[in-house]
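Two complexes follow with chain A in common, the first pairing it with chain B and the second with chain C.
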Partner chain A sequence: MNDATLVRKGLFRKKMRAVLLILSILIAFLIFGVLGAFYSVFTAGVDVAAANRLVTVNRINFTMSMPFAYWGRVQQVEGVDNVTHASWFGGYYQEPRNFVQSFAVDPESYLAAYPELVMPEDQRQAFLTNRTCLLVGADLAGQFSWSVGDRIPLLSNIWQKRDGSSSWDFDICAIFDGNEATVPANYAMFHYDYYNEDLAFNNDQIGWMVINTTDPSVNDRVAREIDNLFANSPAETETSTEAAFNQAFLEQFGNIALILVLVIGAAFATILMIVGTTMVMAINERTKEIAVMKTLGFNEGRIFGMVLSESILLSLIGGLIGLGLATLMVTGAAAALAGFLPGLSMPLSVVLVAIALMIGLGLVTGIVPAINATRIRIVEALGKT
Partner chain B sequence: MTETGPLYTLKNLSKTYTRGKERIAIFEALDMTISHGEFIAIMGPSGSGKTTLLNLLGGIDRPTSGEVEFEGSRVDNLSPGKLAAWRARHVGFIFQFYNLMPTLSAAQNVELPLLLTKLSGKERKRRVHTALDIVGIADRAGHRPRQLSGGQQQRVAIARAIVADPEVLLCDEPTGDLDRASADEILATLQLLNQEMNKTIIMVTHDPAAAKYARRELFLDKGRFVEKGAGHE
Partner chain C sequence: MFKQTLAVTALNIKSIPHRLGLSLATVFSIALVVAVLMGFLAMANGFRATVSGSGSDSIAVLLRAGSQAELNSGLSRDDARLVEIAPGLATNAAGDPVLSGEMYVIVDGIKRSSQTEANLPLRGVGAQAPALRDGFTITEGRMFEPGAAELVVGESVQREFAGFDLGDTIRLGSNTWTVVGTFSTGGSIFDSEIWTDIGVLQNLYQRGTTVQSIRVLLESPEAIEALRAYVADEPRLNLDVSTEREYFASSSGQTSDFIMVLGWPLAISMAIGALAGAWNTMYSSVDTRTREIATLRAIGFSGGAAFAGTMIESVVLAAIGGLIGAVASYLLFNGVSASTLGGGFTQIVFSFAVTPQAVINGVILAIIVGFLGGLIPALRAARVPLLAVHTE
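Here is the complex of A and B:
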């Protein structure tokens, strides 16, 4: 037996109460873990945004297109190092539930804009030179078991060909991956020319442009000049940094960070009150036992440490089980949502923050009962005067 | 300090309580000496200060004035931490209602004071077994307090009090919650600890039959000690 035994015995003195407290903490950390994992995957784009990359979209809405000619005009702006463009294809493979995030791009400038996309050199050359090539992200290829050499059709639920079909045939000639784990590899891209030449409508239009500036310090000026170029035109533009664009894109779904903070904050505030009050009551019930321990020679520091350890242990048990369940749920969801949210997993950062919260929760809920325990006067507690 | 000197010396000891505006004196200028190996029974009417005296001897209460010396050193002015360490080293407590930890087994209850020592787990286990054996309850080592009778619980409490081998045992009505037969067994055990292991025992009791087990009976009345035979009994 040691102090840890006493802490454990004290915690489970009333088993039902301990189990209910653990359950309430478990639920809070289950919510935290699941929301944290989703938040992390949603904001991955913001995290990997390059400082010198700007994004230009139609001022009305980023889903509106702009003339292809804009691409050439932006290349003339001073401070622009590279400009590429992309158009949303919104494809699927075989049936609509097999969603494939895919874009029509200018291959050479696109790969120049995104140096973090890496692939074997021969595949890179194949993508640049083969008009029907589909460059596929490694995660996406894994999802559909695609490999280089496969010929697949991609269908669009937006675009149509002049012959009435909405299916484009592609040769998978390259598979890319990110140079870091945080770089998404869950989408595909193909030649804009190949897509544009058969389009039944909206020809010679592009979805957005990505601009690499010569230095982040010129971003503001370049953005202003680009938008000024197209002011008062039928398709005015709005240029912002890639990080701001990604953030704005996320906010289409709502302020996820605020929702996360509110939900988790409400859960934790409730748990804090429940656990804190219960811990105070639990220690009050043991006033006499603590007085006996002090009589036997346990000093105030040791009593303080044991009571505080009890609430931290309670928080860690509930929290770690909750986080474990959250990891299982996220892992299950990752398989089901692989097409929509690839890379969904329990990030280490969420685990570390959760553990810090568990310890914090234990400290906050345990500090008052621990102080109360040290203040117990032996003579009074034992009913002696 | 050797055993030839007194174990306890109380000098000019006073203890007063304040209840509202009223000041209640329990003792005024009490002097007392207790030698090693004594078995003292302290009797007296309710409110006479028997338990308060025991608390002062055990260092769980402090006098209003005066001194409590243990083996020649003052203990009434020690810091709370040092006083706790002194209690752990020198004093064993036995309460009327046993005060065992309900979540711990008998053996674990007995082991509690040894957690304050640097003894190995193996040595602690050996000492716990010895203490339980001395009080004749080794066969109940794994039982929780609620699975034991009152007499058995008090035996566990005695084992807890002696396991760290303190010089003195302070017993507050140790048989107050027991039937006669159990009380006699407990008192015989205390007597054995006094005679065979030379433990100094100071016992507060209301029970004249219990007091007869002691070598010396004191009667506390109005803050003064009266030896048995000097007007009481």
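Here is the complex of A and C:
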């Protein structure tokens, strides 16, 4: 019988108690895993932001447009490698509730700005040359069962054509995906010219510009120069890094990070109390046994290590099962939520933090009983009755 | 039986100090579960109260067909003229319909809590707009002058966003605007808005005489049908007609539903975790007193009394935890102001509301945890084998 067997036997001395403790640890890590996965996909926009990408929007608010001519002027700014522009279409398919996130873009510069969007070369050429083409993200295509060759109308809840209709016909000629799972592919884009020529109002206006700088170190200067170009005009601009822009947008929903910290904190405080007190009690019950072990020559360090190993083992069993269940749940939900939260999966960072937490929880809940165990004096413990 | 139960319960409760750590852990873990649930319920209820407090059944909102939100909509001067002569509209003392064509655009404000930019609605309104909002009052300063670049801001905007105090100026495009007053509509969605004169705003945005929405006061809530029929039959009008209550419910109802959908499963899974804790505690309670219970049974106490004693201990501990959680969340959350992105793509400011119903739900959840946690240990207490214990 080696130490590992002793640890295992100690843990499952009272089976019911061990199972209950494992259950409560499991729940805490299930919550941690699921919320962690959702949070990381929710903030993916900040994580996938390229360091040299800037976003220029109208200073009043990003829903306000700016003149098309700005696009050409920004290309002249030193340190600008590529500029593209996009306009919000407010699209839906057949019915208003079938929301389709879609933009009118300048195709060539847009694909240059976002090298993480990948597609077969022939489809890329088709999108660049065919002015009625709709380039659809793989998740969006899956949601509506669209495939290359389909001809579909998209309606806009904002824009109208001169003939009074709000419907634009498109040929789906290309489907893109992200080069990594975290890159969203739940939107569509089409030629700005095709959209602009029929617009009944707001012609020759663009929604925002995306700028790739030659190097992240020139970001601040480029941003300042762009905003200075349009200062004191009716459409002043505000340029920030892509990461800052995405972060500010997420903050609009509220302090989600704080809410998650509070919920996960509450879940862990619960198991800390339950597991902590139970471990103390469990070791107290074994006072005599430990005294016998000491009599047999187990030294204090060995006993300390065994008690600590027991609580870490408990924490790892519950935690790994919980994390496994969370991964199953997240994977199961990923398909159903592809259109809404694309790229939902269990990120490695969440798994690593969870494992660190398991070991931490095991140490914290085990330390007091472990110290208690080393302090047991053979004479007192065995002389008790 | 009753006396026996009382005696056993008293014994149980007196012995709690022997397992104080475990009992406290149970009480506090249940308190935390209840507090988490109450936090989510308070958020959802507060948001819903703000949204539903804003919708009136006797006000109709008219938007361009298919536009879904004021922000996307656009209506011409001709549309407005045709609506003015629609049936079912209430009239004011001068005999004119109470009708307000309004513009709705988004401007940036700085959220105090995060110091980041957030979408705020800037509404361009005419003289009739206050008459279409119940309880509209200027609480500080004065109303804007027609034709001037002046703003009045809702109380909630001032509370959550920086830069909108009386006398502050903000730049929109190349113009400078001054905040001249604060208004309140008693906590409705409109308190999260900034208002200005519609003519000035149309000019700044080069919108000519177009508006984005038309609000009309109806003779009665039933008159909406007459208005709908009129709009449907008039070929020159291509509008969606809804009551204000429907409009807000459809644009913002999902947010409170979403908070609920998130809050309940979280609270229930945490409750399962706490249940394991309660179960564990009650098992130790029974375990440490096996001899005692066996002795009581031997001198004539019934199994039922032993069962009830353990059960009551469990439920009482859970209920105490539930109450602590409820009181703590009331003190922590009630009235806390927050804002989120609502259906109109702009910030809606709301206050967390811990309602009596939520408190009851929280305590019920705690008692369920206590009941289920105590059930099996209590059955065990009732079945303590008399002889086996004493031969040990």
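In this text, the second predicted complex is superposed on the first by the 340 of 385 C-alpha atoms of A that agree within 3 Å, B and C clash if a C-alpha of one lies under 4 Å from a C-alpha of the other, contacts with A are read in each partner's own complex, and residues count from 1 in each chain.
The rule is short, and it goes like this: a contact is a pair of C-beta atoms (placed from the backbone, for glycine too) under 8 Å apart; a residue touches a chain by one contact, two chains touch by 3 or more.
Just so it is clear, the structure is predicted and the values come from calculations on it, not from any experiment.
In the superposition on chain A, A:198 contacts neither chain B nor chain C. Once the two complexes are laid over each other on the shared chain, residue contacts for A:21 go to chain C alone; chain B is not touched. Put chain B and chain C next to each other and count what each touches on chain A; the higher total goes to C. Within the superposed three-chain model, A:31 lies in touch with chain C and out of touch with chain B [touch as defined at top]. Once the two complexes are overlaid on the shared chain, A:10 sits against chain B while remaining clear of chain C. Look at A:298: by the touch rule set out above, it reaches chain B but stays clear of chain C.
Once chain A of one complex is fitted onto chain A of the other, the partner contacts of A:266 are limited to chain C, with no touch recorded for chain B.
Legend: residue contacts after superposition of the two complexes on their common chain; A:236 is shown touching chain C, with no touch to chain B. Residues of chain A that lie in the contact sets of both chain B and chain C are absent, per the superposition on chain A. Considering their complex, residues 17, 51-52, 55, 58, 60-61, 80-81, 84-85, 87-89, 93, 95, 99, 101-104, 108, 111-113, 115-116, 124, 160, 172 of chain B touch chain A.
Chain A makes touch with chain B in their complex at residues 1-3, 5-6, 9-10, 12-13, 288-289, 292-301, 378-379, 382, 384-385.
Residues 19, 21-22, 24-26, 28-29, 32-33, 35-36, 39, 66-69, 71-72, 74, 105-108, 111, 113-114, 116-119, 171-174, 238, 266, 269-270, 272-274, 276-277, 279-280, 283-284, 338-341, 345, 347 of chain C are the ones that touch chain A when the two sit in their complex.
Residue ranges on chain A touching chain C, taken from their complex, read 16-17, 20-21, 23-24, 26-28, 30-31, 59-61, 63-64, 90, 96, 155, 157-158, 164, 166, 201, 232-236, 247-248, 251-255, 262-263, 266-267, 269-271, 273-274, 276-278, 280-281.
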